[in-house]
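Starting off with a structure, shown below.
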Amino acid sequence: MKVAFFIGSESDLDVIKGALSIFEEFEVSFSLEVTSAHRSPERTKRLVMESEEQGAEIFICAAGKAAHLAGVVASHTTYPVIGVPVGGSDLDGLDALLSTVQMPKGVPVACMGIGKHGAINAAILAVQILSLKDESLREKFKQYKTKMADSIEASSEKVKEHL
Amino acid sequence: MKVAFFIGSESDLDVIKGALSIFEEFEVSFSLEVTSAHRSPERTKRLVMESEEQGAEIFICAAGKAAHLAGVVASHTTYPVIGVPVGGSDLDGLDALLSTVQMPKGVPVACMGIGKHGAINAAILAVQILSLKDESLREKFKQYKTKMADSIEASSEKVKEHL
Amino acid sequence: MKVAFFIGSESDLDVIKGALSIFEEFEVSFSLEVTSAHRSPERTKRLVMESEEQGAEIFICAAGKAAHLAGVVASHTTYPVIGVPVGGSDLDGLDALLSTVQMPKGVPVACMGIGKHGAINAAILAVQILSLKDESLREKFKQYKTKMADSIEASSEKVKEHL
Amino acid sequence: MKVAFFIGSESDLDVIKGALSIFEEFEVSFSLEVTSAHRSPERTKRLVMESEEQGAEIFICAAGKAAHLAGVVASHTTYPVIGVPVGGSDLDGLDALLSTVQMPKGVPVACMGIGKHGAINAAILAVQILSLKDESLREKFKQYKTKMADSIEASSEKVKEHL
Amino acid sequence: MKVAFFIGSESDLDVIKGALSIFEEFEVSFSLEVTSAHRSPERTKRLVMESEEQGAEIFICAAGKAAHLAGVVASHTTYPVIGVPVGGSDLDGLDALLSTVQMPKGVPVACMGIGKHGAINAAILAVQILSLKDESLREKFKQYKTKMADSIEASSEKVKEHL
Amino acid sequence: MKVAFFIGSESDLDVIKGALSIFEEFEVSFSLEVTSAHRSPERTKRLVMESEEQGAEIFICAAGKAAHLAGVVASHTTYPVIGVPVGGSDLDGLDALLSTVQMPKGVPVACMGIGKHGAINAAILAVQILSLKDESLREKFKQYKTKMADSIEASSEKVKEHL
Amino acid sequence: MKVAFFIGSESDLDVIKGALSIFEEFEVSFSLEVTSAHRSPERTKRLVMESEEQGAEIFICAAGKAAHLAGVVASHTTYPVIGVPVGGSDLDGLDALLSTVQMPKGVPVACMGIGKHGAINAAILAVQILSLKDESLREKFKQYKTKMADSIEASSEKVKEHL
Amino acid sequence: MKVAFFIGSESDLDVIKGALSIFEEFEVSFSLEVTSAHRSPERTKRLVMESEEQGAEIFICAAGKAAHLAGVVASHTTYPVIGVPVGGSDLDGLDALLSTVQMPKGVPVACMGIGKHGAINAAILAVQILSLKDESLREKFKQYKTKMADSIEASSEKVKEHL
């Protein structure tokens, strides 16, 4: 298992589904757990330890509101931690964004954009990081990037039909 | 010791000095520690435990930016936790405010205003809470409240002299 | 009666229902009144006085927009006041949040997060405060906290089934 | 006395001095008091009553942070209330602005811009309102408006000298 | 005709209907025109002049986004101008609020809260201003204020039935 | 072809349809392409070059979130670039607005308002710019502006029918 | 004279000096006037007319707070209008930005970034627009763009010396 | 060379000095270049290519305002890109933060907090990522983390002396 994915509550599953598809597409093994920085701090700490033992090299944490999950995980590990602010709060995720990104010096969290696209990007960043020691993964990602550029061209053709 | 006061870094001392004066004025015993949710998570948890053993019934936590200190303390205790967002960041404390106040259901933090006045109010709220089982403390606070109202009248006289 | 709960308008009832369930679960006696800082200032002041006479030791005030209810109640009492900013305004509750939390020095309001979760947390904070002189209440809350952590584990199992 | 001017604290005097000059220029009689919605609620209410008895027809209230002063005064009077949000807080007066302007239906506050210019405009709005029953005041204000437009032309000449 | 009511576009009618009801309730005569600061500047200026000739003593302007209507009207008249920021833009009316309230020194706009409640309050403020020279209108408004307070009590009874 | 219109994704088509109608109304020839600053940087650069060769004198770029499309196009051309921030993100387009408007010195983007109206205005600004060397286009635009003012009058009549 | 430059007050001169240097560098003739949308509406309208008669083909307007100057000028002309939001208000220019950029459909303002860099960019955009019918101006601008890129390289060398 | 560090302008050097110290402390080889997404797009792309050839496995980009540098670099590489929003703009870095973090799906940027601390964290995150294939680097980082926690204890002792 390479990536440990934590979400702050059951309802965040919908937000991160796209990220899981990325892992499947790139055949990156991952675990997924619901755990809360505030409601289950012991569990969160234990899961960090257990994930490291099981080989996790990257943590991804998605949470909303005063989103402390990524920060708390970062406090317990020396591995890179990626944070995904979840929107849907009254403040539209601005709270989760600031709670995730404005970390104090010494304990970084790699913050993504708010919501589903941010979650997908978290998975892609994990792929990019893992590619540093897996050239075949980088090759796959290069193809992904090329396909992405090509799909833009296809979109463009489709849009022109509407004119 | 009744109140355990934690600050996220040495530089926060200046922000909370007014709060300590309140405790001295009301003869409320307190402890003060620097501890960080992110840089010293074990210490933070240990201090919560030790403070409870030493009689702490209220926690006050002051921190800036992605201010997780109050939330992390609240995750470890069943006693009331008061949070003071510290300003001075690029985002003027809005980050600390949202990180402190937007707690998930189940783990409240009693959030004060940003900065020095918020810190003073944290101490006053602690006094109000402790007054629930200390009638003499409530009496003192009533006098404080009366003095505060009187001082307004004095301010008003002073202002009129400028006309 | 231990807690006096004020809401700024009839429509806020929906926001605070979860808080009332908490009081029922913890068998905390409470009163509930609609009163407005601006439209019924005399009533608000009178209700503060009457509530104190009936034994209220904590006030919870939920209001939206330029949410002054908690502040006005705090001006009239020496007991702790908890404020719940209600969202749903054009500004999504940011107005209510700032109007509730940025209190001047001397008159604290313990501000919760915006909306339903904030209301639930207000009730929990009241439970935490009342626990300072009711050990059996603290025991109940400890169990609540344990159950909460356990429910996270159950959520996690449920989420894994979706994989 | 036509206008009752309330400020939330001594330090607001500097912000509103320009407004007092307007009253002197237009020979509008006014009173000035320091009073706080939160720290001296009884005084505030009493001052509203006394001001009305002394002939006040307009109230101007300047306050910062969770600026409730204008709202509380509006709750006690049927006369027009003008609110001046005072900046200088960590949130640069956005808190005072939203606390002043987002009043609930039924209790309007005529909100001005933040700070010194807002205070001057509060005085000018009072002049405009009083002009409804004082034609000579309107004449004066028309001249003021003409002078203001003329001074722009003078500014323009001055600026061109720098080219 | 006492009040000239301008709205920036047809779609604003829905926002201000409550304000018109207030005028009917208080028997305040008013005119209503659609006019735009940007799309029909000449018409706007002409309507200001014509309204004054027809007896208008107060202007109310409701507009959204970069809401300049109130400011432009204020530039053309010496009578009080009340601004109602209309929400519904991508920025939820924050744009309209700041465009309306942050007027430069010398040209005040009495800014109300965003949307329907702000519009109702604009009408009420107009009633309060007109009451300065119409004691019977003030009497009506006092009764309105009393009824408003009474209706809170009725709301409270209704809410308690839900317990 | 006079105007090269780029959108960041297929889903932006709906936002800019009104702009295309303007071009049809004013008989301004344009091209439309989907291209992304981030996903297809080479294509974006190539399209800028090709558009210039085909006679494009103005670029319009509509994109959401961290909307870099207009900025990237501006980095590759010496022709005027108009940016349309697309809303619909968690942050309601504030992200797109700031990413588009806050360009560094030396590389301007002419930023429009967020969303559909901003897109229409982008097209109108293009018409205004092209009018500098096409007097007949200016004549058409003058008529458009007159019709726009007239339609306000019609709106006003319609609104009065509702009274 | 090609560009009419309006500033809302004398104090804005400092903000726009860099823009005037651009005009000198590119030998673009311009006029400069102080005029206010609110304090001198007639003058503003007259200056628009006179500027057009004197050959102005582009308007640049710099103003702060509820910055209506660009919008008002745009309401009076069919030529392109560029708006520069001036910062320095309590709200740091966010008010000026939103007041300038969020124009209603039909009356575009080409909004630049806040402050000095925005002013410089306004001048550059004017150069880009005027280049549409002045190929030598475009050549100059191409050289400017090349020099700008070169200066980056020089900066880079300088920075490396600090290592 | 392991890390390619790009800054948007010479003035950003002061913001990132702490990051360079981290690289020295951890003996991570890096290059530093000034390059601008907008003013030197070709140079930026070329530097990405050259850096990759020289062994760069991670890019760090610090820029302010509409901070596109990290996004543009990410568009040109398959290696991880870390973005540091630089404050100091009129909008205090909120513009740079949103421009950096809200990347579209497919092209992640690992966003840090605003300013100096964010820059330090960017370097630390780079260390964490490089540690995935350099166990001795991870050991060093573990010691760094331990020292950091210890320094908190020292701070605490120092603070207590002030009591």
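A, B, C, D, E, F, G and H label the chains in the order they appear, each numbered from 1.
Assume a contact is a pair of C-beta atoms (placed from the backbone, for glycine too) under 8 Å apart; a residue touches a chain by one contact, two chains touch by 3 or more.
Because the structure is predicted, anything quoted here is derived from the model rather than measured.
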### Query
What is the graph distance from chain D to chain G, where chains are linked when they touch?
1
### Task
Using the touch rule from the top, work out which pair, D-E or C-E, shares more C-beta pairs.
D-E
### Task
Give, as an integer number of Å, the spacing between the C-alpha centres of chain H and chain F.
34
### Task
Could you please state the distance in Å, as a whole number, between where the Cα atoms of chain A are centred and where those of chain F are centred?
34
### Message
Between chain C and chain F, what distance separates the C-alpha centroids? Give it in angstrom.
### Response
48
#### Entry: Inter-chain centre distance, chain B versus chain C - centres from mean C-alpha coordinates, in Å
19
## Note on the structure
For chain H, residue numbers touching 2 or more other chains are 9, 36, 39, 65-66, 89, 91-92, 94, 101-104, 106-107, 113-114, 117, 148
### All chain pairs that touch each other
A-B, A-C, A-F, A-H, B-C, B-D, B-H, C-D, C-E, D-E, D-G, E-F, E-G, F-G, F-H, G-H
### Query
Which of the residues in chain E come into contact with chain C in the complex?
87, 92-94, 113-115, 117, 148-149, 152-153, 155-156, 158-160, 162-163
### Message
Can you tell me which positions in chain F touch chain A when the two form their complex?
### Response
7, 9-10, 13, 20, 32-36, 39-40, 42-43, 65-66, 89-92
### Of all residues in chain D, those that touch chain E in their complex
18, 57, 78-80, 82, 97, 101-108, 110-114, 116-117, 120-122, 124-125, 128-133, 138, 141-142, 145, 148
### Task
Would you tell me which residues of chain H are touching chain F in their complex?
8-9, 36-39, 41, 45, 64-66, 68, 71-72, 74-76, 89, 91, 94-95, 98-104, 106-107
